[in-house]
Amino acid sequence: MALTAPLHGVIPPVCTPLDPHGEVDTASLTRLVCRLLDAGVHGLFALGSTGEAAYLTNHQRATVLETVVTATAGRVPVLAGVIDTTTARVLEHARTAVALGADALVATAPFYARTHPREIAAHFRHLRTATGRPLIAYDIPVSVHSKLSPALIRELAEDGTLAGLKDSSGDDGTLRRLLVALGGRTGRHTGPAPAFAVLSGSELTADAALLAGADGVVPGLGNIDPTGYVRLYDAARAGDWPRATAEQERLVRLFDLTDTGPEDEMGRGSSALGGFKAALRLLGVIACRDTAVPQLPLSEESVAEVGRRLTEAGLLPAP
Amino acid sequence: MALTAPLHGVIPPVCTPLDPHGEVDTASLTRLVCRLLDAGVHGLFALGSTGEAAYLTNHQRATVLETVVTATAGRVPVLAGVIDTTTARVLEHARTAVALGADALVATAPFYARTHPREIAAHFRHLRTATGRPLIAYDIPVSVHSKLSPALIRELAEDGTLAGLKDSSGDDGTLRRLLVALGGRTGRHTGPAPAFAVLSGSELTADAALLAGADGVVPGLGNIDPTGYVRLYDAARAGDWPRATAEQERLVRLFDLTDTGPEDEMGRGSSALGGFKAALRLLGVIACRDTAVPQLPLSEESVAEVGRRLTEAGLLPAP
Amino acid sequence: MALTAPLHGVIPPVCTPLDPHGEVDTASLTRLVCRLLDAGVHGLFALGSTGEAAYLTNHQRATVLETVVTATAGRVPVLAGVIDTTTARVLEHARTAVALGADALVATAPFYARTHPREIAAHFRHLRTATGRPLIAYDIPVSVHSKLSPALIRELAEDGTLAGLKDSSGDDGTLRRLLVALGGRTGRHTGPAPAFAVLSGSELTADAALLAGADGVVPGLGNIDPTGYVRLYDAARAGDWPRATAEQERLVRLFDLTDTGPEDEMGRGSSALGGFKAALRLLGVIACRDTAVPQLPLSEESVAEVGRRLTEAGLLPAP
Amino acid sequence: MALTAPLHGVIPPVCTPLDPHGEVDTASLTRLVCRLLDAGVHGLFALGSTGEAAYLTNHQRATVLETVVTATAGRVPVLAGVIDTTTARVLEHARTAVALGADALVATAPFYARTHPREIAAHFRHLRTATGRPLIAYDIPVSVHSKLSPALIRELAEDGTLAGLKDSSGDDGTLRRLLVALGGRTGRHTGPAPAFAVLSGSELTADAALLAGADGVVPGLGNIDPTGYVRLYDAARAGDWPRATAEQERLVRLFDLTDTGPEDEMGRGSSALGGFKAALRLLGVIACRDTAVPQLPLSEESVAEVGRRLTEAGLLPAP
């Protein structure tokens, strides 16, 4: 499916269900994709951080993308994460993703290697030139340990290198400066880079991002409650901010399911991903809640806590 | 003036005008305070980071606070920053501030010394017990290099240690989780700590903070355009989000005046503080745009750029 | 070649010469390996950070390792870096490295993904179990953004998971605590993990590391002056500290060749790797000084500066 | 006492004994100073981080310095820490320290405020001009959150602003580059800044620092075992590196007394300072092991562990 308009709406970063051997559970993944599409999401982001891309082999990544593209069947755009340390390695993922039918590519700045902003710009320009697909910059300092500056993003938006930004920096003030520089809430698509899409990765401030003029949101929690995020997005588009905010607050409470793993026992990443998968298992969407090695699993007690959050949010009947 | 209700509204962190010898220019400071009050601000925060408190001697700090309290004359609450490394030193500032008539105290976690969250909690409890004034926690990781967790803030809100939070962390997602935990947008003052005030320090996402249920904003840029922030606040209170957002976007553009100093020549702090003071000088509010030693001054070229920003924002006629 | 004793001595992290198309220049790489072996180095570390492993595709990595193993012909142990984000991806590199004849594997903690120390331990245990080769932990916080604690290293040394540590943390104090815990300078190989090798990655404090009881050094600058590091090592083994220190000081001066790229124009990584390669080109060892995309190249002026450093160190005649 | 030669030798950062009310215990402090002098230390550093300067009021700081100067009675130089956020505040401490008889001043870069390297240079130049006493730069990124670059230190050494550096950065590689640039181990005092003293703050690599040409060491653990550090220094001066290293290894083991407080219960700072004070109490030097508010105290169990470390190091008879 060609991108005929800037990306927009609710674009969940799709979780990657695994079986007890650590292999991709394509049946569960297909169920998850269908549930998201039925909920009315506007796009899907496969192989992002929430999709455990950093934990998957190249072969597993291809399986994931193929499954998502097939299940989506062109109904919405599929964005493919191409996460790797530097340009040559990212390019290999990008070529596979293009061959498998991804509509757009999502790439971070180089990591592990330390690079200068001029080198980061060269990285994105190489990727754009070599793939010919819309390229989305993925700003995720918590993983990459550098921040993409608004000046760099604007330069790459204005020269056509980037078709969009997925902002997972958590720095809503800097994102706001970028949005205003690109034309602001009402002038976003008449500004200096009219076709450029700004997507917020925040589960917690989606209403604020939309108020500020973001085109869409990429919430990991959208795997669990896609209907809630679609309602939030629709309310925001309609200018009904009290309703958007009420929906957001319910989702903020639900987000507590990412924190059930004890801080002194496991990583915040494995607590969050484990929480998402435990919820999807409790909701009957996926068959197994395993996360990839070497992440530690949630305890039964933590899973019970996840269940309580689902009940409170109205997603699961009281036991 | 006793605080009879939670703090709310626009509470600018007041700049500290200096004369060419580096001493506090009390006449300019009085003019600045009067201009802010005339604009309808709801409180004043003296001796914050924007007030260059970290650059002022104890004697200069007392001069600042005395001048602000006198000029305010009880019309709005005066919050006093009590910024220092650890408890005993902060307490000395707190006692002076109480004696000079501050209505509330604003303290950070310890810095320079490395402290554990349990020690940070003990710090705030000591301050509260020893001063008997409302205590606001100042969360500013860029200066203090630790972040106050929502769990810690809630604990200290619920046991009455803290009367509020000034959030300058830039982490709007975490702030949102706190606001929801405290009752959310509509339940904020019926929640577990009903009298607790949440104030956002962000110039750039004030509309979003108010949408999320924050009680007020503490924008450094409010020194320059207090009327703009009061309009934004009033629009938000009235639920007129398109107007609040339009005002916010104008202020985001104006905020570019903090960036006129070249990055390879001076600190981001001195560029921002120099920009605020250059603007106040151009607006005729203060007599001299000097910032405290060892900050480097803005060039004439940078000051001219500040002037252009004021003109664009409608605060200064075109030259 | 089986490792019959703990690793020791000078084990340079071998640079990866590239041709103008960015492909591995195997002829230059073979010349480089032979020059290092002729200088008397005690091992070779292929595919480390200095070898630009993060910039090479899987195919290129295999070419590098095959070339190094072939050129080495069993004369010294070949260590292979297996650098990737998490366990499953690292395992794929490890299996290839074993098949190509690596004598030991060098792996970092997971990166990009955020992991807990318990998860990092699980990562190393998985790698060890699945490969059956000696496993060296690579502690490089500047790239990985977490530090391996001495307690974790000891635990994994004592249970046989790790055969050694390559310390590139720059934290010589913490390394010292580990060395003492392992038995200290004279008791190193009678201590709790007698076969455990401690290797310092510091070019600048190799003498100090050896004084403290490290078994060997892995200096990137050893690509340029392997004879110097072998002399340093031999002096240290002989207890001739004045000679070891004099050699170290000459090498510290030579290390200035890593800094010739201007800080506001290129990354510190590309300045250092570009400096190494420019030096190897000037010394006639490799055919082309290109570094991998997206690193920017050194200017001619910087290359001339590299030449002056080589001349000062006695490696190149005055022009 | 005028400094007639560069500072050198063992210069412990003197602990500040407190009474149960949190006030300076001058009798204990006098005993501690006399014990250090009796052990043959070459200087004393009052009001450093180990001296809890960040926790002391201005009045308490003056009491400390006065007590140390009086007890020292000119036998060795007394260095005074003048730790505060920015220039004007540091200058007030500096003037007091000069009046109380400090032989040299030890100042960090500004903190809390964010400053540019050019502003940090201006800070040191202001301090030097205004005080007329030898000025030592205190490089302690863990507290100040910026690192003094070797280029900056050299510039300020060569123009006479700085009389020395106290390096508590833990970055021994960078320190080595500075030492070599200043002339290296044998040319240190014939180099570009001959009277410049380089002091290492590391307890753990004092032998390495002296091997590299440092003039002296400032070990917090020197409060507990000054004789050990003096033996280490004398061995190093005599070129007896096996003896220096053996002494260092004993002291590394003793340093474990800084780690007895559990990581999930108290800060690393309070564990270390509490360990030092518990040891001094057990050795009968000070009357009370309290650390300043809001630091949490060591448990009795931790204190017992401190005692075992003292016994193992030969400083206390077995119980």
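Just so it is clear, A, B, C and D label the chains in written order, and each chain counts residues from 1 on its own.
FYI, contacts are C-beta pairs under 8 Å (C-beta built on N, C-alpha and C of every residue); 3 or more make two chains touch, one makes a residue touch a chain.
Chain by chain, the UniProt names read as follows: A, B, C, D = Dihydrodipicolinate synthase family protein.
On a predicted model such as this, the values are computed, not experimentally measured, just so you know.
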Just how many steps, at minimum, does a route from chain A to chain D need if it may pass only between touching chains? 2
Residue-number overlap at the chain B/chain D interface, same or different (half cut): same
Would you kindly give the rotation angle relating chain C to chain D, two copies of one sequence, based on a CA superposition and rounded to a multiple of 5 degrees? 180
Counting only Cα atoms for the centres, state how far chain A is from chain C in Å. 36
Could you give the separation in Å between the centres of chain B and chain C, each centre being the mean of its C-alpha atoms? 49
All chain pairs satisfying the touch rule are A-B, A-C, B-D, C-D
Residues of chain B defined as touching chain A within the complex: 170-174, 176-177, 180, 184-186, 202-205, 207-208, 211-212, 239, 241-242, 245-246, 248-249, 252-253, 255
Listed in rising order, chain C residues that touch chain A in their complex are 22, 49, 54-58, 60, 83, 85-89, 92, 110-116, 118-120, 122-123, 126, 142-145, 265-270, 292-296
